[in-house]
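See the structures that follow.
Shared chain: chain A. Partners: chain B in the first complex, chain C in the second.
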Partner chain A sequence: MFSSFMINTWIASTAIAFVAAFVGFFVVTRRSAFAAHALPLGAFPGAAAANLMGINPLIGMLIFVGMGVFLLRQLVRMGRRDVGTGLVLVLFLGVGALLLSMTSEYAPAVFSLLFGEVLGVSDADLWPILGICVLVVVGIALYFRPLLLDSTFPDLAALQGIRAARMDLVFLTLLALVTATALPVVGAFLVFTLLVGPPAAAQALSGNPMRVLVLSVMFAEGCIWSAIALSYWTNWPIGFFVGTIGAGLFMGARSYRHWNQRQRNFLVV
Partner chain B sequence: MLLENSGFFSSEPVQTALIVGTCAALVSAVIGVFTILRGNAFAGHALADVSSAGGAASFLLGINPLLGFLGMAWIAAFGMEFLGVRKVRERDLATGIVLGAGLGLSALFLYLDVTTTSTTGAAVSVMFGSMFAIPQSLIGPALVASAGVFLLVGLLYRPMMLTAVDPDLAAARGISLRWIGLLQLLALGLAVAVCALAIGAVLATALLIGPAGAAIRLSRRPAQAIFWAMAIGLTAVWGSIWMAYESYYWFSGNAWPVSFFVVTLVFLFYLTAVLVAKVMGLSARQKPVIWPHCEA
Partner chain C sequence: MSDPVLSVAHLSVDLGGRSILRNVSFDLYPGQLCALIGENGAGKTTLLRSLLGLTAHRSGQALIDGAPADQRRALVGYVPQKIAFDPDVPLRTRDLVQLGLDGHRLGLPLFLGRKKALVDQALHAVWAEAFADQRVGELSGGQQQRAVIAHALVRQPRLLILDEPLANLDFGSANALVTLLGTLTRTQQIAVLVTAHDMNPLLPVMDRLVYLVGGQAATGSVEEVVQPDVLSKLYGYPVTVLRHGRRILVLPDAVAEDAETCTASHVPHPEKAD
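Here is the complex of A and B:
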């Protein structure tokens, strides 16, 4: 499991889970799970197009996810947020379905794009992934305070002169970058669980932002490490393990909180 | 040209596609308007995505795919209800968690499909649909499911609409929000299953929220919105079936998938509706009180 061809996967997934936890923290506090679900699927046709044209998939995904952010902002401005998000999502998926119908390598390629592949990371892939992760960390460090304020108390943020539209763009850009790096490993559908599951579980356990961040990094790393290990042993798709472990973490955290509150109420009564 | 057209209508896969597509368009128009009014577009999309696990499982077990889609959509609906979809703040997260777990299951079932049976195209046809490959034996179940939706909505139209538009008022009138919500989720599950069969589980959202989203921009009354949504949905589905059929000749034997055309047409209709509404001054601000949730 730790043989040489797996080393890159371990390094890349550790970096991806780290940044996913940070961006996911904002996904959860901003309640934008739908956008976090839509953007990875926006990146998916990029990978298909890159396959078709024979260029680096990362470039294709970055281009498409960039277009996704642009379209999402335009459509959300024009109408209801959830309807706009949903339509951008299906539009990109439809294009992806078209591009996939054109390629000759059919089922396995589709499957690994949608649900992830453990052995997908080569030496040449590793450096761009790490570079983008560093970029995301720098972006979060720069915008952490205004983004947090805008996500929790939008009115107060507006009073302090923080522009909501700009914060939205910063958030979506960071989300897009994480998405494009995480997609080949975890798969288009399950990037979303990695983003939402661990921070949602962490938030159920604590109200302090710093503690939530630390917890969600721990949960995300635990989630992806165990998913890779289980996927390596069983040969089942990594997406299955990420999805169920993410949901399990959330359920566990919620039950723990519930139980804890009952205990406390009991003492007070 | 005439010859080609007669070939279009006499071809058996096209007939099946037209019937199932029409069912999907009509059913999703009705349910879509309620879903959008309740602000449930994400939940509707999540149900459709999760139903893909049922579709994948049906390949594995050799049962009717419509039943597979439906079963999983209902399980997901109860799961969201159980995890606390009622509180608005929690709704987004609960939906997301159910969605993630459902897609994980879907990954597993599709993987098992490929390894244990020899259905290599399962991933593509469950996720993105293949309208011309729907077996004729599924027309009956699709019609029954659609009739079920119309029956539910027909019986409960007024309480459902009141609950969607103004839950507080509905509660004050003595309507049980719990029951109405549950029945609506059942109807949504049926609609999702029919749409998933027609254009694929992950693209079903296009029919569910696209035409209804456009219609709500164009009309001032719920019944009118449902009518517009039906018209837009039908045009999109029929147009795409025809274009996909013809695309075989356009691209020299490399036909494009029907689902791609459906999604693109729905998207274009939505953009047109938004523009028309803007030009005609039907902006959200001037809308009458009947659409209270239509924030800008």
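Here is the complex of A and C:
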């Protein structure tokens, strides 16, 4: 399980879980889960296009998530956020279907882009992944306070000169970067689980922002490590385990909070 | 007298193609508490937001300490009308208050000595110590409002703007808040601008009054404006002003007649004790 062949997998997925937790903190706080669902699926045709043109899929995905962020902001400016996000999602899926219909040997590649392929991380893949992860962590750490105030009370943020449009751009850019790096490793559907499950579980357990951030990282790492190990032993797809553990964490933490609140109410009464 | 903290001159604001405010002018000096009164939809919130640079204005100007709001952010504390935190927001009351101090700074939030003392002081001022470590999303409406007031106070503003702070409060809390605003005005020479649809609770502490009606503003000191003839003209129906010691009560005529019979029958009054 820790053979040299697997080392890159462990390093890449550890880094990805770390940044997913950082960005996920704001995905959950900003209630942007739908955008976090749409962007990975928007990136996926990028990988298909890159395959078609014979270039590095990471570049294809970065271009596509970049376009995704741009379109999202344009459509959202015109009106309702959920509608705009949904339209971008379907637009990209349509483009993806078109591009895939042009390639001949796509079935296994598509499967791994959607559901992940942890065993496929080469040395050449590893460095860009780590580079982007460092960039995203620095980005979130730098903008943490303005993003936090903008996400929780936009008017109070505006009063301090924090511009909502700029915060939205910062957030979506960081989300897009995480998406593009994480997608080939954990797959389009599971990027979403990592972005939402661990931070939502952490927020159910604490109201202290720094503690929530640390808990999110711990949950995300626990989720991806156990998923890799289980997938290695059972030979079942990693996606199954990431999805199950992510949802389990969320439900467990929520139940604990409800139970805890009931206990408190009981004691007060 | 020193320079005005807030100077509004010929301000006009349009929203959605409709003219909401026309030619509004007034000044506010340090150590003054000004009540901005008007019915629902009169444009109170719109006026505050345009003073703060959150809403664009069509013409005129609003200067804070001689400059537009976006150059004077550090001088202003603002408590919006609509306060509704999501139950899950990852913020405790003290985190929200600290963001008043350093929300615009880059980097992760860390509690450091001097900052923590300022935060504790602001929490103390609004009697919020009891829920300082509770999530803001789990507080009651009135508690959330106090948390946001602490967020505004921790900035040590020279101009404090509160939008309908009394609307959600019970009698006792409203009274305590009015007293706090009065104290801040007198002891720290802050200028306070408070909106309300009912001026009565603010009458004991306010120095000036801006009355918004039909998109226009009537301004003056309490002595000038709180007169039956002036107010009756502004409201558009007859109004009585009852004075009882230092307390003033403004009532529509029909209600006022009932109130007079009430005092006539010598209902025991708490103020007579002192």
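One rule holds in what follows: the second predicted complex is superposed on the first by the 269 of 269 C-alpha atoms of A that agree within 3 Å, B and C clash if a C-alpha of one lies under 4 Å from a C-alpha of the other, contacts with A are read in each partner's own complex, and residues count from 1 in each chain.
Note that in this section a residue touches a chain if its C-beta (ideal position, glycine included) is under 8 Å from a C-beta of that chain, and two chains touch if they have at least 3 such contacts.
Remember, it's a predicted structure, so these values are computed and weren't measured experimentally.
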Touching partner for A:149 - first (chain B), second (chain C), both, neither: second
Partner chain in contact with A:83 - chain B first, chain C second, else both or neither: first
Touching partner for A:61 - first (chain B), second (chain C), both, neither: neither
Partner chain in contact with A:244 - chain B first, chain C second, else both or neither: first
Common interface residues of chain A - those touching chain B in one complex and chain C in the other: 28, 31
Chain A-facing residues of chain C, complex: 52, 54, 70, 73, 76, 78, 80, 85-86, 88-92, 95-96, 99-100, 102-110, 134-138, 148, 151
Residues of chain B touching chain A in the complex: 36, 39, 41-42, 44-45, 49, 89, 92-93, 95-108, 110-111, 114, 120-124, 127-128, 200, 202-203, 205-206, 209-210, 213, 217, 254, 256-257, 259-260, 262-264, 266-267, 270, 274, 284, 294-295
Residues of chain A that touch chain B when the two form their complex: 28, 31-34, 36-37, 41, 78-80, 82-83, 85-87, 89-91, 93-95, 97-98, 100-102, 106-108, 110-111, 114-116, 187, 189-190, 192-193, 196-197, 200, 236-237, 239-244, 246-247, 250-251
Chain A residues within the chain C interface of the complex: 25, 28-29, 31, 141-146, 148-149, 151-153, 155-162, 203-204, 206-210, 212
